[in-house]
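Each chain carries a letter (A, B and C) given by its place in the written order, and its residues are counted from 1.
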Amino acid sequence: MSATSTTILNLPDQTTAAIPKKNYISSEHGLLSWLLTGDHKRIAMLYLISITFFFFIGGAFAGLIRLELLTPQPDLVASDTYNKFFTMHGIIMVFLFLVPSVPATLGNFLIPIMLGARDLAFPKINLLSWYLYLAGGTLTLAALVLGGVDTGWTFTTPLSTHYLNTHVVTTASAIFVAGFSSIFTGLNFIVTIHRMRCPGMTWFRMPLFVWSHYAASILMVLGTPVLAISLTLVGLERLVGIGVFDPTKGGDPLLFQHLFWFYSHPAVYIMILPGMGVISEVVSTFSRKRVFGYTAVAFSSVAIALFGFFVWEHHMFIMGVSNYSALVFSLLSMLVAVPSAIKIFNWSFTLQKGSITFETPMLYAFGFMGLFTIGGLTGIFLAALGMDIQLTETYFIVAHFHFVMVGGMLMAFLSGVHFWWPKMTGRMYPESLSKLAAVVTFIGFILTFMPQFIVGYLGMPRRYHAYPPEYQVLNVLSTAGATVLGVGYMLPILYLAWSLKYGAIAGNNPWQATGLEWQIQSPPLTENFTEIPVMDHEAYDYEWLEHKTQNEVTTVG
Amino acid sequence: MDNSIVTTEPLMPRETAVHEEHEHVFIPQHRHHFETEEQQREAGSFGMWLFLLTEIMFFGGLFFAYLLYRNWYYDAFVPASNFLSVTLGGTNTAILITSGFFMALAVWAAEVRKKQFLVIALILTTLFGLAFISIKYVEWHDEWVHRHVPGASFDISEFVSPKAHGITDQKPISPDMAEHCQIFFFLYFAMTGMHALHMIIGIGLLVWLILRAQRGDFSAGYVAPIENFGLYWHFVDIVWLFLFPLLYLINRHPLK
Amino acid sequence: MGISEVLWQFLVKWLTNSALFPREASTIAPYMDALYFFLIGVTVVGLVLVLLLIGGFSFRYRKAVHPVAEQIEGSTLLEAIWTIIPLGIFLVTFVWGALLYFRIYTPPVNSMNIYIVGKQWMWKAEHPGGQHEINELHVPIGQPIQLTMISQDVFHSYSLPEFRVKREVIPGRYTTVWFQATTPGTYHLFCTQYCGTDHSKMVGEITAMLPEDYKKWTELSTSGMSLAQNGERIFASMGCNACHTGNASNRAPSLAGLYGSKVQMANGSIQLADAAYIRDVILNPSQHVPAGYAPIMPTYKGQISEDGLIALVEYLKQLNTNYRIQQTQTTSVSDQAAPTTPGMVKP
């Protein structure tokens, strides 16, 4: 069935192929049919457009930061402006890009189909989620246009409550609203996974993509409300001024830290778990093998979610917390690293005795595995109490979280977008360009963030507008890398947009994958399935696929 | 030509879902992404329980702050909480429990399809809810008049020299401790305010449900909104049952 | 060190000279660097392992040479191996890191104490002898230095990368860190907790000097009173001596010898009278009522600055007798209000 011996890409005959006339995109016309849709697939595409928009705004701020840091002097913009740059970069990237990226786009699109359902449990709430996201995004843009906010994305008190007169309450409200978008998405996923699996779809027949979204949804549902209350208290303190975080009035600024990080640490697992789900799917498909240790990978997702709630104080080790509490949280942080290690090894061993090809999604997946390994292990540096003293609040931290978030999560997102693009749009993108973009991104990433580990240990603090001249060489390298990285991110926008009109017709299953989503047309019908399937085989069952494709003639058109 | 996978041999029967024999007619509120109403109802109920779980986490932050500061500033929290009226708070508790009782009756009425009873029960729930909010308003106004509202108008003199204000059953506390009474009142207003906000939203939803119940929407077998709203209302009730003892009752001197 | 001393020095020197590595300027620095190298080793090994697995399997099982995949469910043995071995390494790291942490945050008893007050956007250092520095700190080498720090406004963080120490400087209570400098020279001081507009300008210089040079420096920089002398002045001018007369009156306890002792509280608990205690009693006296006394001490919140509080702490640290306090009774205005109790010394 395969065209050549170095790829599994299997496109239908392009002379006769065409996009199926009846699909979720063509089923209804007009702007309102999109803005008032209940179809999870349309909502996913709406999200895709919005988060891409915010990604580029956040990315522009990153560019400005790196531009300023080319020179040790604070010569590009004023200090207050620079402080606004990194604040907006953090807020937009964390809350408006990373948190919704995979769940709200790929998760929304795929989870019902992967489970054999016609939609999520609560389509109207799904649409509400998107509008809440837009409202949060609009409020953020409003704060930006009105002059910006410079608290840092962490809103540390008492700085944010008493010592700044920028648009803190507007931004806090924006994140509050966006947080509810996240809560409702998670709620929708949990109910769907519990209640709407098709006949025969047991928990352990679900794709690992669904497992990781389940774990992330638990975090979303339980953790985000605590962020909401933290931001509410900051807002109230600014507006009423009672001093719940003000030490001169008997309040405790450290209380805010505890409340904030109680959400924001699980938040990082909310961000990474869905990406890990993507990697499971991609590695399996491009090795033609069931994921090694399926049960271990499924349970490790849930373990990460569970342990993730008990490690928040590791962001506060040097803040004067009790030494003994620091011991407990350091130990727990070591434990939370283990499930991630398990996953990396399981994915690696999925390759063993497989039949491996190197299409673009697989390249991104490999990038993920390497970079996430580095990022995750540097987390161990930080979880070690004594080491954290030297490394915390320096560029080492910046490098660490960019490795896991950008080298990890963003690569996983791109891997997923490239993997499921043919399913979502019916079109293929040009493979050589996409491979180039993947490689450029990878190189740019390493050049940008590897020097930051070094400059961090040397002592360069984070959020610094100016720095001692001896750090300049490393900063210049980092900025050079950022330029390359920017190019790497621009390319997909261009060729993916191009592919919508000119790309090859993809057909149902161009990657010859096993999931339920690949057994239906591309793009799918609005109701996903003409008849609800019965799941009678395990996930990643390539023998079932082999047997099935032998018995069918695929017609498209 | 439609886009289906045409097989060269007939589909094995087990490869299609065994579709329910249509013994029952789908209710008009059936949503088509659910296979059965049972699935729809269970999903709705599960969703509401999950939502209430997020509400617990939300209130949890405030409870945690309260516990922390009560521990640190015990000597300020006790006199501050003694200024609250147990009579009013207790009455409100009784009112809320009663409204919860009527809500439970409403759920039963919907299940046995007694429309008039359902509407009456919902109206009574709403009335008692409004009574709760009114008494809460009275309490808040009282705090405002006594200058217990945190912020610029907060006055510590009642705590520092209670006798001068005609209060005989409180010991005076020093001014720096009295400053911390403001934190108590902030948490009081934040927690009861959040609670009241949830009640007001609930009352709004009740009005909508009454209108729909009057139209007959819930007396023909479709009870999910009433049941799920019942869960929400009982949750708001339970939050109050935690707030009342923590804010009003513990370390109480003889009842005012 | 576990490895050869020569090799270690070579490694450190090479990395330092290639600007990849900060100088080791304190006694704890080699320990910190040892942990760092260990962790880098673990990371490199882990990364190489993962890369070998990915690269090796990709090459050996690429489609061109291995067209048919063999389905493998998993291996409990492998799962156990790659759970237990990483966990073991992480636990070793945990123990090592914890030991280092406790070491850095437990000052030795013979440390010389210097106070640091951080405010937007500068660092004030106050030596007990009364030397004041802004954005600088002079210390002798070979002597443990304890920094007792507090902020006047927002969170800051006192970071000395070449000494490998850092601690948050928070408003409302003291935090401490210690180090012992090994080599004379000038070193970086950074504020590392984002604190507003001029966060990146809140930097300075630590100058480590030979002990005899430090002594010279203190003599040259002493501009007036020592901290304790300043504290004595504040003690009198704020009227503390009106109640804390040192006599057996029951208005206020004697403060001679208070510092460092254990105080029995009215609510039954026992508190240690350290710097944090002294500061908090002055600001929140109703929370620290000693046994046998009424809660009548007024608060001085807003009336004494952090510098003033530090001076008072230093004063009480060396207060062994009430003699000078009772002397000031006759000269200070508050003497008129103080009750005369039998036995009070009147010169």
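General remarks:
Here, contacts are C-beta pairs under 8 Å (C-beta built on N, C-alpha and C of every residue); 3 or more make two chains touch, one makes a residue touch a chain.
Since the model is a prediction, treat every value here as computed from it, not as a measurement.
At the centre of the protein atoms shown, by the Cα-centroid criterion, sits A.
Top contact pair of chains, counted by C-beta pairs, is A-C.
If you average the Cα atoms of chain B and of chain C, the two centres end up 46 Å apart. Taking each chain's centre as the average of its CA atoms, chain A and chain B sit 34 Å apart. Averaging C-alpha coordinates per chain places the centre of chain A 38 Å away from that of chain C. Within chain B, contacts with two or more other chains are made by residues 73. Touching of two or more other chains is recorded for residues 284, 301 of chain C. Shown for chain A are the residues that touch two or more other chains, namely 250, 252. If you check the complex, the residues on chain A that touch chain C are 2, 5-8, 74, 79-80, 83, 150, 152, 156, 158-159, 162-164, 247-248, 250, 252-254, 287-290, 292-296, 317-320, 323, 326-327, 330-331, 334-335, 337-338, 341-342, 344-346, 348-349, 351-358, 366, 369-370, 373-374, 377-378, 380-381, 383-390, 392-394, 454, 457-459, 461-468, 470, 473, 542-543. On the chain B side of its complex with chain C, the touching residues are 73, 75, 173-177. Residues 20-22, 112, 117-123, 125, 183, 187-188, 190-192, 194-196, 198-199, 221-226, 228-230, 233, 236, 240-244, 249-252, 255, 259, 508, 519, 521, 527, 530-534, 536, 551-557 of chain A are the ones that touch chain B when the two sit in their complex.
Touching chain A in their complex are the following residues of chain C: 19-22, 31-32, 35-36, 39, 42-43, 46-47, 50-51, 53-54, 57-58, 61-64, 66-75, 78-79, 82-83, 86-87, 90-91, 93-94, 96-105, 120, 153-155, 157, 159, 161-162, 164-168, 170-173, 175, 188, 190-201, 203, 284, 301-302. Put simply, chain B touches chain A in their complex at residues 1-9, 14-19, 31-35, 39, 42-44, 46-47, 50-51, 53-55, 57-62, 64-65, 68-69, 72-73, 150-152, 179-180, 182-183, 186-187, 190.
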